[in-house]
Amino acid sequence: MPAPEIPRVRVGMVGAGFVARLHAEAYRQVHGVKVELSWVTAARPERAAAFATEFGARRTAVDARTIFSDPAVDVVDLCVPNHLHAPLVVEAARAGKHVIVEKPLTGFFGPPATPRAEMRRQALAAVDGVLGACRDAGVRLCYAENWVYAPPIQKARRLLAASGGPILRLVGEESHSGTHAPINKRWETGGGGSLLGKGCHPLGAALYLKADEGRRVRGAPIRPVSVMAEVAQLADTEAFRASAPRYLNTVEGADVEDWGGMLIVFDDGTVAQVSASDAVLGGIRNQLAVYGAKAVVFCNINPNDAVRAYAPDPAVFAGEYITEKIETKAGWTSPQPDEDWMTGYPQEMQDFVESVALGREPLSSGALARDVIAVIYAAYLSAAEGRRVSLGGASA
Amino acid sequence: MPAPEIPRVRVGMVGAGFVARLHAEAYRQVHGVKVELSWVTAARPERAAAFATEFGARRTAVDARTIFSDPAVDVVDLCVPNHLHAPLVVEAARAGKHVIVEKPLTGFFGPPATPRAEMRRQALAAVDGVLGACRDAGVRLCYAENWVYAPPIQKARRLLAASGGPILRLVGEESHSGTHAPINKRWETGGGGSLLGKGCHPLGAALYLKADEGRRVRGAPIRPVSVMAEVAQLADTEAFRASAPRYLNTVEGADVEDWGGMLIVFDDGTVAQVSASDAVLGGIRNQLAVYGAKAVVFCNINPNDAVRAYAPDPAVFAGEYITEKIETKAGWTSPQPDEDWMTGYPQEMQDFVESVALGREPLSSGALARDVIAVIYAAYLSAAEGRRVSLGGASA
Amino acid sequence: MPAPEIPRVRVGMVGAGFVARLHAEAYRQVHGVKVELSWVTAARPERAAAFATEFGARRTAVDARTIFSDPAVDVVDLCVPNHLHAPLVVEAARAGKHVIVEKPLTGFFGPPATPRAEMRRQALAAVDGVLGACRDAGVRLCYAENWVYAPPIQKARRLLAASGGPILRLVGEESHSGTHAPINKRWETGGGGSLLGKGCHPLGAALYLKADEGRRVRGAPIRPVSVMAEVAQLADTEAFRASAPRYLNTVEGADVEDWGGMLIVFDDGTVAQVSASDAVLGGIRNQLAVYGAKAVVFCNINPNDAVRAYAPDPAVFAGEYITEKIETKAGWTSPQPDEDWMTGYPQEMQDFVESVALGREPLSSGALARDVIAVIYAAYLSAAEGRRVSLGGASA
Amino acid sequence: MPAPEIPRVRVGMVGAGFVARLHAEAYRQVHGVKVELSWVTAARPERAAAFATEFGARRTAVDARTIFSDPAVDVVDLCVPNHLHAPLVVEAARAGKHVIVEKPLTGFFGPPATPRAEMRRQALAAVDGVLGACRDAGVRLCYAENWVYAPPIQKARRLLAASGGPILRLVGEESHSGTHAPINKRWETGGGGSLLGKGCHPLGAALYLKADEGRRVRGAPIRPVSVMAEVAQLADTEAFRASAPRYLNTVEGADVEDWGGMLIVFDDGTVAQVSASDAVLGGIRNQLAVYGAKAVVFCNINPNDAVRAYAPDPAVFAGEYITEKIETKAGWTSPQPDEDWMTGYPQEMQDFVESVALGREPLSSGALARDVIAVIYAAYLSAAEGRRVSLGGASA
């Protein structure tokens, strides 16, 4: 029996920053498909060069278009800020490349005073432009929602399927202590605040699980039909400003929410409660509870207790990674033995690379990306107008 | 130094059922005040007699008014269904008795088709009637919200006070697998569903903690100003009905919600997310997370891991209490070593008895009871009309 | 029906230090029996006076004998260092007083170079002297092993009894980061190190549970028959001394072990693994795992997750108690909402006071105290001679 | 920059059973090295054929020697019963093959009445024969102790190294409810009971961590110097036999221990407590606690709470894997999202394949395998003779 030919996928990386490195690390762990980093681009050539050296990318460029026009590239991996996602996906698709793009797929990027209804209109138009371009070009859109691939979420999916009963309610959250990076704290560049940047993860997982249930029991996804939401700028309250010292990471001039809560109703009458916050101390929280008619599953992506560690003062673990966004390394913590794995990055890249190599849909695709945007911008509208917003008309 | 005189409080119990027994057990543990059960009443004389024998009550009666007219009664303890609370408190107060009354203080009891605005109007009128009667009579109203006294909640209060920073966000839940008792599943007798019967607990604790913070930092309670909410009958969905076997406790003809979620905004711009459900398997969940600007505290009233037990089949622990509302005693469970203590019953009765003996306000009083009713009926209105409801006008 | 007469117990406290205060707090919570603090004694009169004022003791004295000779004292509560236990119990018993005495009941107090066989002989002789004196005088000996009363241990007892199967194996530990008090770090005053001072707790609970099982299934306690043990002075190793900064609490000139592990075999062929350490960072650990043929129960006296708290720096919770012996209040901790209750102090005093008032044996009595001493000094002998030590001859 | 040549490793599998499949799954996930399954052998040709089809092995054989003589094989992977390890490693090594061999490396296989000193002598002779053969042949011995590769253990190693302080004490356990397979329950084929079959894992991890610390701080491993141990046949007690129904997996005629506890002293005066049991209900427990002078790390390989699930009856999750050796799928469980990954199998095979491809020592090598055998057979001797056993002379 001859050894099977190992398929090959040639990747063009756009961007050489934090996320690009995360993806490159994940590509290294891909098995059964040979991944070649054909290109890496960065606005600053020295960054591209350093990245190429570290991860073995073959060539570097400054302009992403250089990659799009190279016939020896199979898939383009866009590791760029949110507001650049949509135009670059469209260009890459038109050039016939499959596309990997980070979450959120796109959104509204403009002045904070823009009415939420208009924000929502523009965000959905952008999504539809992206999806249409990919459809027209016949390329795959790989939506990098890593929670879909996180082992606890996939285990929940299998357990719920085994139980045979419907999911009645989901409760999900992503939160931590915020960021000092202004790019994610302004509508112009971030497209929203906590709800968009963090809430997209538990929301994506919740929508994925209900869609999966629908396909299993009725041959079509169960879809969200309405949302009620509140948002707040908790770090912009008088009480917070009066309190010192401050432990949350805040940005002067932030104009987006640092907390949002959504109450979502699905077309089968079941519900989800999704929240996101940049005002939570004690390390990142990535959690989803799934309450079924026959089973309950709690997914603790982090923290979880696979490792529990204690240091009497913060200097003790100074040299070792504990977990994202924790304010002190002192006391008891839940260090991640392999945060990338538990949050689904290698599994995600394995699926994306296989989807390109084998010509099948990835688990996390454009349809999910669209629903996420539809729900979140409806939530912004809901919070602004103080009313339930139907997804009916707006949802594809 | 002579021994101090131990004060005495004479209690008249109205009702001899489950809750009355819970209270009587708690009275037994009161120290520093001598509690005498002067009376117990029950519609069925044999139940009153049995109760009197077991707990040492001195006399029995059929009609609560017999107690109200006995000058040798200091405080009346009303352990009766929700819809009887308001009229009995008013009568007892007018007779000059201090009153202990279970949660919820009162509500709307009538046809389910009643518009939510009308429900809310009637519920608030009933509360105000009760509070007015107590005020006019100069008697104390002890509102039996045991979460206020639960050790984890009191510890959270002290830790947050020590931290000196504001509470930015509370996330609370009470849930379990429902009940087969129709009385709590119909508007006419229950006054609402999960939100009222279960949600009042985490809501009460959240309102208590923010009020306490306000009194500490500005000399007046921080109050809720608005609520957005959704409710659902998850066990009334097609998906649930199609699923067999069924593990949730349901009642034919239930007309109240079995899930509700509330997004509450306080007058200082901070928020609370409170939910309640009768559609959760795996045992009762009584949990409150408190996210402060300087500290985080999680209160796990139950489950918690003070005891963790495993039985390979449900028969093994057949003779021993595990926890409320669990469907199987098999597998891993978190049995409560002393559920009454952890949920605050003895501490609550200690405070109530002391408040009567020493002439001071109990921690859980009529003001808290009123806010709970105001928020929950505003939530019903919010869910029905799909809009944010202001508590401004309606809140005292 | 007349109110029953409440029995009264008059307590004479010997000592006014930390433990005496703990007991006095617990007496306050006793219900159903009236506890009067008749006397408190302390070598320094001003301490006795301060204690009397705070806890309402009627009279003060310098010499414990003053109490022993007062006919108006029912029970003497000995809150004094370990090496004073035996002589004072004997005197009190001869004076006809019931006695409450802290753990360990007694031991060997002398030069560290004494052969372990001689230590064991003297310790057992002291125990037998105490037990004989109480027996001869017809007074009760209340052995203050609070673990017997800790709610998780009592719940384990009930769950195991419900299961009907034998306990096959117990694994228990008490540990923390040591002490700066020389009294507990020297043979002359402490009578041993970690094994005696801390190990007595999990050992006491393990022996209690097996004895209880025996009484239930065969009408007589199941008894330990042999022990193998190691002890070490971990903080006296070169590796520890070379390591700075140091976080463990150590005492210059300590001559006792700061770690001990015991492997105990019972007369029914089942086993226990008990360890104790003064070299554990991160707060006190009081844990017992019970592996039965039909059930498993884990008792987490502390830490447990009834409350979980986070502080970004140690100053945040500076004013509030977290847990015993933690090096930093920063990071995640498991603050005890009521450490006395969870570790069994009020329940213990309730039982002791009732045992005196009602004339019955306390749950934790002299028989348990003797077995604890017999096992621990056999363990010292085992570790010194590197061999299994039989409890056969030495055990009563 | 041309793509680097991917190295290739050709594996000959000996055995086609459960462990072989585990390894084959792990080989699939290897990245950066191309793994070819050149051969698979099985006594029954149809099993080899089925395995070859499923995992893509090129050729099948009945006799392992067929593989040993094929020059196109780089490494032989021995997935055979314990008593066959030593002779096959020696043969493979002499044929010039690198070898992967499961734990325990070897042992004593003979009549249970053999004196423990003789058992120990034979076991060490077998180990030394294996190590000598590999040394003489210049081939690598990859000792498949997966705990060395389990992510929590590796994280503990990094955290302890970061802390800079010594490990003072390790407490480890592997336990579950036993097996119905007679092969592991008899000395003739198993070479021992729980201590050997399960205890080798936490022991291996503990020895690895202390050896690593020694290499880091003094350039040479810290080694164990003595052991005291007890063993028992808990399921062979009268109490257990009298108890019905029985939930532990037992084998009629088992002659090995189903529990063992070891107290180990290292050459730096620090200690380890390692236990293993086949008499634990509730699912497999793979845990190691590491108490350092500056830090504490708990490794919960399983159970951990990355996923927590609840099923009201065992049928609900019937179709889905929960965890090894759990008696019921009802109640709360901690299902492993990816048990292979958390217990280190893919990471182990990655290291082994790289060690062969790149010519370097694997993390888990023959030196560790020898120490494990030396400690465990000394423990058997200790338990039999009731005395501390020195590893001095016997340890290499």
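A, B, C and D label the chains in the order they appear, each numbered from 1.
Basically, a residue touches a chain if its C-beta (ideal position, glycine included) is under 8 Å from a C-beta of that chain, and two chains touch if they have at least 3 such contacts.
All values derive from a computational prediction rather than experimental measurement.
The greatest centre-to-centre gap from chain A, using C-alpha centroids, is found for C.
Our note on geometry: chain A versus chain B, Cα centroid distance of 40 Å, whole angstroms. Between the Cα centres of chain B and chain D there is a gap of 53 Å. Contacts with at least two other chains are made by residues 164-165, 247, 281-282, 294-296, 310-312 of chain C.
In terms of inter-chain touching, the protein chains here all touch one another pairwise. Looking at the complex, you find that chain A touches chain B at residues 164-166, 168-169, 171, 217, 226, 228-230, 232-240, 242-243, 246-248, 259, 261, 263, 265, 268-271, 273, 275, 277, 279-282, 291-296, 382, 386-388. Interface residues of chain B facing chain C in the complex, by the touch rule stated above, are 1, 3-4, 6, 28-32, 34, 36, 52, 56-59, 151-152, 154-156, 158-159, 161-165, 294-301, 304-312, 316-320, 335-338, 341-342.
Those residues of chain A whose C-beta lies close enough to touch chain C in the complex are 247, 281-282, 310-314, 327-334.
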